[in-house]
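The letters A, B, C and D name the chains in turn, as written, and every chain counts its residues from 1.
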Amino acid sequence: MESKKSPKKEWMNTSRIQTLIDGIFAIAMTLLVLNLDIPDFPSDVTDATLSTFLIGMIPKFYVYGLSFILLAVFWRVNHGQFHFIKKADMALIWINVSWLLFVALVPFSTILIGEYGDLQSAALFFNSNMFIIGALSFTNWYYAYKKDLTDMDKSPQTFRRYMGINLSFPLASLIAIGVSLVHPALSTTVYATIPIIKRIGDIITKKIHD
Amino acid sequence: MESKKSPKKEWMNTSRIQTLIDGIFAIAMTLLVLNLDIPDFPSDVTDATLSTFLIGMIPKFYVYGLSFILLAVFWRVNHGQFHFIKKADMALIWINVSWLLFVALVPFSTILIGEYGDLQSAALFFNSNMFIIGALSFTNWYYAYKKDLTDMDKSPQTFRRYMGINLSFPLASLIAIGVSLVHPALSTTVYATIPIIKRIGDIITKKIHD
Amino acid sequence: MESKKSPKKEWMNTSRIQTLIDGIFAIAMTLLVLNLDIPDFPSDVTDATLSTFLIGMIPKFYVYGLSFILLAVFWRVNHGQFHFIKKADMALIWINVSWLLFVALVPFSTILIGEYGDLQSAALFFNSNMFIIGALSFTNWYYAYKKDLTDMDKSPQTFRRYMGINLSFPLASLIAIGVSLVHPALSTTVYATIPIIKRIGDIITKKIHD
Amino acid sequence: MESKKSPKKEWMNTSRIQTLIDGIFAIAMTLLVLNLDIPDFPSDVTDATLSTFLIGMIPKFYVYGLSFILLAVFWRVNHGQFHFIKKADMALIWINVSWLLFVALVPFSTILIGEYGDLQSAALFFNSNMFIIGALSFTNWYYAYKKDLTDMDKSPQTFRRYMGINLSFPLASLIAIGVSLVHPALSTTVYATIPIIKRIGDIITKKIHD
């Protein structure tokens, strides 16, 4: 009774937004499967026809797997961030909602690239989607860090390290956008290089600052 | 053993209904993407055709973004309400279920306005859906406040402030319904003005009561 | 260290199955909206055509609302049961999984009755689906009660009261199945009478046992 | 303040990955219903036609039920594993993400086998999907056990027992793959024999080691 709440203190704790994030990721990841649709073959379809069809779907399976893994990476990175973020203000909530808007768009980008991955506009759309997700993810961490919403150790070393982790994905998607202009169908392979970029980034930041 | 439950006390705590709410929002927000479907182009489709198609989809992307943000706003407002609501009776549960029924309808309204947003009946349907959501959201807060299900400070100032917050959305959608009758395609832009309406509302209620 | 787990004690607590239940309900309720699809009108469709189409969809909106509310009722009843159920054995888990199998079928039954609700086979299918859900829900409570998995007061009064609550839905769907044989299109209106049946049931059980 | 986190300790606790798992299972299980689609009959369709159609759908209902139950089994087994697993390293996270990738593929495999279950390639695809899920589930347990991420009693008896539980499913799907080569339409009935295989496995391991 003595602690009647007044509206001013209506801060959001981070568990609320995290529940929404987990839900949207689980759904977006599962909806990717709707990309894989099966035509209505006539009822006397032969096994050879179906086999050929399934083998022809390999590019779609590749794109399904790629998007699934990329979404899992985003989810993982976001959870890594919220491991440190302890308070949320309105701006942080809306950075995350905007980010989710592009996360929920991934099933669409995935269909696009699954069907027309050899066309530049499809590859550009997919990679731009990834870039925006990466950039907003970086913004989330950078904003929380600067606004002191985290309980993170604020030494320059930690800052540099997290700068690297959070910039590697937007960087990779910028490269993928570049590759889209030259060879659209190959552009998505860039994401496989993220771990390598990360390692190089680690070495460079070490070299510069040590 | 001494605390064997008798059926009379079977009250619902609010965490249960909140779990259902979070789930339905995550799904409704992610299903919006199904609005964005891609026709089966012939396999020799050119990049120019696909680009033109994607640019032609801009109104659909706008509607996708709009509905996503509006759903995020509803979710945010509801969480703000349950920050204060500490008990739930049967009426409160059913106010929330009815509200969810119209929340889950948003992916349909969004497809309607995405395809036929320049027609009056589509705009009226979408904006009426928004109005009902806003009105039931207001009812949720007002009922909980009057029935003393909240732990909120019950001063007139707090009441006026929350009246404003919870009435601004139904009001905006009433205006959008009005605009639908004159210029359907513009009606959804009304929602961008909510923050402005809110500010004016704050000033007016202050003026009147100070 | 001293509490190393041995496989024998691997009991499930009820929170696990409840999470799955909440998830499946949120999704099934939101998927109902996919029942409401919009044909591809030509781009010069008039407002009159769209209005007529939307008005013609009223039976589908009715079925959407009905299934949404019925699912909310099942969810509510199940949560009422798990308010008392404190332990779960394998049989209880599988009663709930079977129940969920028919809960997840509701979006299909709903499309069926939304499109062909005036045909006997559609009405029978929908109402049988509801009956099985109700019967398995009753089984869940009865099994938990008999096996002492609840922390419920076990007086005859409590037992009679819960018998009534848990039997009213399967009973209503049996009546709806009966009505399907005579007048399919009317059969779903039976569910609106559940609160009345419940009241009568309360009075009868009181009369008999007092 | 004294416990400012440094990035090194950024371990994931298992509750995070479990939330994602529960979400993806709930969705995958509910999406199975999209397998059951209804053609657009002409509006004067007779009850006889609809009845015949529904009876003709029995193989699809069987496959729906089978996949729903199999997913419930995987979910159950995974929860059994996380009852013991108390820490997660990166490898464990990615074992689980890979596993989820194939879990989320089940609605696709289910459509495939529901439509073309008498063709070898469809049966092989479905059963291979099940095998990979089972094999990754085994890997999850084995890795956690060997890396000491569990709080499980590590006696040889416990190890043998869990070996049996976690190997029975991949084994059953290997047999189903074998049956696919001879009689595709019968291959899925193999899964009904898992409880029997488990029992035999229990007896054999007992015989050998006692």
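Note that in this section a contact is a pair of C-beta atoms (placed from the backbone, for glycine too) under 8 Å apart; a residue touches a chain by one contact, two chains touch by 3 or more.
Quick caveat, the model's predicted, so the values are computed rather than measured.
Comparing the residue numbers each copy contributes, subunit C and subunit D share less than half of them at their mutual interface.
Put simply, subunit A has to spin 90° for its C-alpha atoms to lie on subunit B, with the angle rounded to a multiple of 5. Ranked by how far their CA centres sit from the centre of subunit A, the chains are topped by C.
Between the CA-based centres of subunit A and subunit D the separation comes to 26 Å, rounded to the whole angstrom. Averaged C-alpha coordinates put the centre of subunit A at 37 Å from the centre of subunit C. For subunit D, the set of residues touching two or more other chains reads 22-23, 26-27, 31, 34. Those residues of subunit B that touch subunit A in the complex are listed here as 22-23, 25-27, 29-34, 36, 38, 41, 45-47, 50-51, 54, 64-65, 68-69, 72, 75-76, 79-80, 83-84, 151-154, 158, 161-162. Partner subunit A is touched in their complex by these residues of subunit D: 3-7, 10, 12, 16, 19-20, 22-24, 26-28, 31, 34, 93, 97, 100-101, 104-105, 107-108, 111-112, 115-116, 119-122, 125.
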